[in-house]
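One structure is given below, represented as structure tokens, and several questions about it will come after.
Going in written order, the chains are labelled A, B, C, D and E, and every chain counts its residues from 1.
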Amino acid sequence: GQEAMIEVNYGYLPVPTMPLFAAEAHGLFEDFGVDVTLIKFTSGPAQFQSLQAGSIDLAQGALAAFYMASTRGLEAKWVYNIGDASAISGLVLSKGSSLESYADLADQSITAPPGSILHLFHVSQAMDAELDFDRVDFVPLPPPQAVSAIQNGNVDAAWLWEPLLSIAEANGAVQVSNASEIGLHDVFGLAAGGEWVESEEGRDAVARVSRALTAGIEAYEQDPGPTLAKIEEMTGIKPELAQSVIARTNWATVTDQVAESNVFSLTGPEGSGAIIDWVEDRALAAGLINATGAGVDFLNPGPAQMAAQ
Amino acid sequence: MTTSYRWYSMASGAALLALWSVLTLSGLVDERSLPSPVTLAQTFADLLARGYSGSPLWSHVGVSIFRALAGFSLAILIGVPLGLLIGRHKVLEAVFAPIIGFFRPIPPIAFITLFVFYFGIGEGPKIGLIFMACLWYVVLNSAEGVRNIPDLIIRAGENIGLTRTQLFFKVVLPAALPAIMTAIRAASSISWTLVVASELIGAQAGLGFMILDSAQYFNLPVTYVGIIIIGLIGLVWELAISAVQRRVLHWQGK
Amino acid sequence: MTEVLVSRGLEKCFSSPGRASGERIKAVIDFNLVIEAEEIICIVGPSGCGKSTFLDMVAGFTEPTSGLLEIMGEEINRPSPDRGVVFQQPVLFPWLSVYDNVVLGPKSRGVKPGDYGPEADRVLKSVGLEKFRDHYPYQLSGGMKQRAQIARVLVAGPKLILMDEPFGALDAQMRINMHELLISVWQEYKPTILFITHDVEEALFLADRVIVMSQHPGTIARIYDIPFERPRTYAITADPRFAEARAEIVELLRAKPEERQ
Amino acid sequence: MTTSYRWYSMASGAALLALWSVLTLSGLVDERSLPSPVTLAQTFADLLARGYSGSPLWSHVGVSIFRALAGFSLAILIGVPLGLLIGRHKVLEAVFAPIIGFFRPIPPIAFITLFVFYFGIGEGPKIGLIFMACLWYVVLNSAEGVRNIPDLIIRAGENIGLTRTQLFFKVVLPAALPAIMTAIRAASSISWTLVVASELIGAQAGLGFMILDSAQYFNLPVTYVGIIIIGLIGLVWELAISAVQRRVLHWQGK
Amino acid sequence: MTEVLVSRGLEKCFSSPGRASGERIKAVIDFNLVIEAEEIICIVGPSGCGKSTFLDMVAGFTEPTSGLLEIMGEEINRPSPDRGVVFQQPVLFPWLSVYDNVVLGPKSRGVKPGDYGPEADRVLKSVGLEKFRDHYPYQLSGGMKQRAQIARVLVAGPKLILMDEPFGALDAQMRINMHELLISVWQEYKPTILFITHDVEEALFLADRVIVMSQHPGTIARIYDIPFERPRTYAITADPRFAEARAEIVELLRAKPEERQ
């Protein structure tokens, strides 16, 4: 309460990230002492350069995407898990496609944002189907272009998230599976500039943001109206769709980040560290990364621990 | 165009509008693929009333105009004197030739990623991109303008007894003005063309942002309205610069 | 009489860009001429014989390669309003009104408006442009532009006026008007004039002396004294002595077609 | 430029290169921020040997050139005849005026999102974008070229007894050729400028793709090499078109 | 003698863009002239008196408002190589060589190469351009361009050659050469020529009859018969009758300076 406000540039994606927009709608960031400026991006990878250049302090995206980037030189640390979007992340086929499984994808074209978790899902599924990923025609596209590509028949299959999944389905694409059914974790959260988060101000700022996000979940449960309106304003997503997406997503609190046995844990054995191992394993095998990364050193639980106290 | 031909223009304009209305309002073409004129009007009214992505419409318009004007003005401020110098002094021309020769043929958009890398996503790189795209035009045209000044007019200036400084300000500069104005005109048009490209650099507002962002979730009416506003401003901008040019160069006659 | 211009053994060479770098073209050689005050001297000669080359040296636009060239006893080494030039092309400053074109020189030399203003009005009246002082060059006819050039030269009270085919681009009738104008200006100001032309008749009508230049080498071939009294009218063109001199000079000048291509 | 001035150019070029080398090789500037000339040379060699993103370097170069050439050629094929018609027939000019007036001031990049929406990410929309950017230049300049043909030269054609068709092909067309060539030259430069923008449309190969993609992965040396290749090709392209222009218009003298 | 051109009561009006739409300018009125075969007719007159307007009607570029205009007894209603025009500006096709400029007409009219080829060579020789047949217009001097235009006209064997100030843009000496050329071409081909000029001397030297036009209204003021024998040489310009006719026409033509601005 008494300390000075800290300014934070927060990169976000136009998806219904409920805790973020709830905190924004209810003025929770100010309450917790951070002056947040929201900056919109089209995908996690789109934020890498801005984070590196210091244009933003916090970037919101998939844990896997930022981890893979860190192995290629992105100087960032993973500081907070917001939720798991597996249930709203799915594979769609273009209209009239007869594909049934990944085994059929040989010589077919598939798309995802390059270097994203969705990219990794393709890779992982192909490996599980014992399909050599080199035999697939992988077309890297940012998410909105992926929808147009599916719609215009430029590619046969795409991994998409909501709300694009719904838009693609409305335009004739067919959803065949979603990540949670297959047991894949699409954990997304916050990456912070490496140096910044080591500083006292950075750590404080992230802790305050973390508290505000957690408080946002409660605020939404009491009254979803302002949050849904904020989502429409900031992302253009209609309230009904946003509400359904939010209902299908698992949301994490500050306590989850520091609990020992929780998929959202930054410290425990079944948490983010395990996901990173899985990512590194698959990504290395598929050539998405060509060096072992920092492993669990990519995780910086400091701010979350501070926030939890 | 004389009045009689104007009718043909109005008729063809009206015919296009009618075709568009019939196709969309009759449902022959899906509204989701091509918004009707009515939808665009409503969208425009809505944007006026409620803005887009948290900013009022005028601020999107204003920020784009600001970026174009800033990049453009910088290019004029730096490019015109540089061009005049280069045009007058062959040594300077030779010194700058490798730099200009290297950068000029590179499309400005190619620098977007580098600009983001070095300068982030603030106003700096956006304005810088526009500046860079305009600069070469301004420098080269101003230099050319000075180089093309007829020897005789310089001689006339010397003959009436002007000093070197007087010669520069009272003869060389006004004599190069038509070329400079041409450069300014081209640069102004380039600057507006580049505004959309510059807003590929993590913009949070602006007309370019508006059309890029709205297309992400297939909010086509906003994309269309944005494109139309960009086109109209481009047109007005052009007309304004032409008017300025005619006024400044009134002594050229028609 | 005062010797306004003295040229002795004057020579001008150009290094020719096409040829071996050592080689040089002698454009003007052994040019000897004294111009007295109030004289009108016309130079005629085949194209490329060096007329403009000589005039440019007198104007101070280019330097002689060797020889003596003096104005009122002083060596010429740069352009000056003392030797005002009327160019063939109407070289006005298009961004200035007629009046501003005329006063730019005196104004820039620090002459006071109280001094150059009335003088400019006077010369504009002399050349018949008093009603056009606020017009811009693009609004003037070819003849009016040349008159404006003459006014710009006159306003400085030059020691010598240099005219390089000043009426060459005008049509025949306009040229007649300009001749009459020049005669009347001369009556009023009595300037010394060096006038280059291709038009033998023009030279005969205007000049006290006509200098005929030859080519290869570019030098003075002959000097004719023109005996007609001043002020002259166009009636003299019907004088048999006029026709005779004319025929003689034309004959001297006539180039074979092959040389003219 | 004469030989003596060439030395100044070479000196300034060498000085820049030296400065760049010293800064990067000495470590004063971090290699990760600005690759050294040596790194760029190695990267280039590597790209030559192993390609980028699964395609050999020449195929990235080839596909970009193909796109630019295709869009450019289409614009010439359609734009020149259209421009000639518009320039000769005031009615047609009036009919097309609203369409051209509407589309011309809109920066081509503004259409990227719509092109993706309607046509997907194939070659079509990429070439279409380049085509559209070039088209107006070609149409307007060709029309202007025809309009500016001096009356007298048409009269000369009539006077020697040419029929209307002969007049068009033997007089109007060649007389408009300088303007058409100017349009072609401008369009060729625009087409290359737009190639990077067109590869924002889900490209999988091409020089634009290479620089956009490599920047995503902080592979700065590839971005730099890509930009340099784009610049060099732009330069060669310009020189080639100028040579063609000089040859076709040899009758204009220098 | 054959009547090549007959103009009777010829009138041409232009609607003036500046004024009320009903109002019209009468550029040429009551123009009566008969040109006989092999005649050279020169028209002189103040600028804007309607000389070009008349010539353009004869060429078929514009239609008369009223009156009769016939070539060899046939009404004129469109341009034709029968009435070949030599324009003041050197209107050659710059993308064609001199030879191709000359043969474009016959070639396009379907004349066989075996026919137009030798004819083109002959006319090029007549105008002294045989060595320049493969040159392009930009490589020619002003005088050579006019000669090429003359060749282009001659090759069609025209009934009447129309020349609108063809040497007006050339310098005085070049003009003299062109006059001699035209005289020699006439000797060889005996064409009928309608020649417009501002230069009274040129008219007197070339013409069988000089038509002096007046302005307001634009019509024939006087016709002079020029008595000199053909072939003429420049010596006639020294003839007192020449100087006399010259002085008389100049006096008739002289415009007050105000009217000329």
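We adopt the following convention: contacts are C-beta pairs under 8 Å (C-beta built on N, C-alpha and C of every residue); 3 or more make two chains touch, one makes a residue touch a chain.
What you are looking at is a predicted structure, and each value in this text was computed from that prediction instead of being measured.
The highest number of C-beta contact pairs joins the chains B-D. Each chain gets a centre from the mean of its Cα atoms; the one farthest from the centre of subunit C is A. Mean C-alpha positions place subunit C and subunit D at a centre distance of 51 Å. Here the CA centre of subunit D is 49 Å from the CA centre of subunit E.
For the pair subunit A and subunit D, the distance between C-alpha centroids works out to 39 Å. Shared interface positions of subunit D, defined as residues touching 2 or more other chains, are 113, 116-117, 215-216, 218. For subunit C, no residue reaches two or more other chains under the stated contact definition. Those residues of subunit A in touch with two or more other chains are numbered 49, 52, 144.
Listed by label, the pairs of touching chains are A-B, A-D, B-C, B-D, C-E, D-E. Residues of subunit E touching subunit C in their complex: 46-47, 128, 141, 143-144, 168, 171-174, 176-177, 181, 198-200, 234-235, 237-238, 240, 243-244, 246-247, 250, 253-255, 257, 260-261. Considering their complex, residues 53-54, 113, 116-122, 202, 204, 213-219 of subunit B touch subunit A.
Per the touch definition, subunit D reaches subunit E in the complex via residues 150, 152-153, 155-163, 166, 170-171, 174-175, 177, 250-253.
Here subunit A touches subunit D in the complex through residues 45, 48-49, 52, 72-74, 114-115, 139-142, 144-145, 148-149, 151-154, going by the rule given at the top.
Across the complex, subunit B is touched by residues 59-61, 78-81, 83-85, 87, 89, 91-96, 104-105, 108-109, 136-139, 152, 156 of subunit C.
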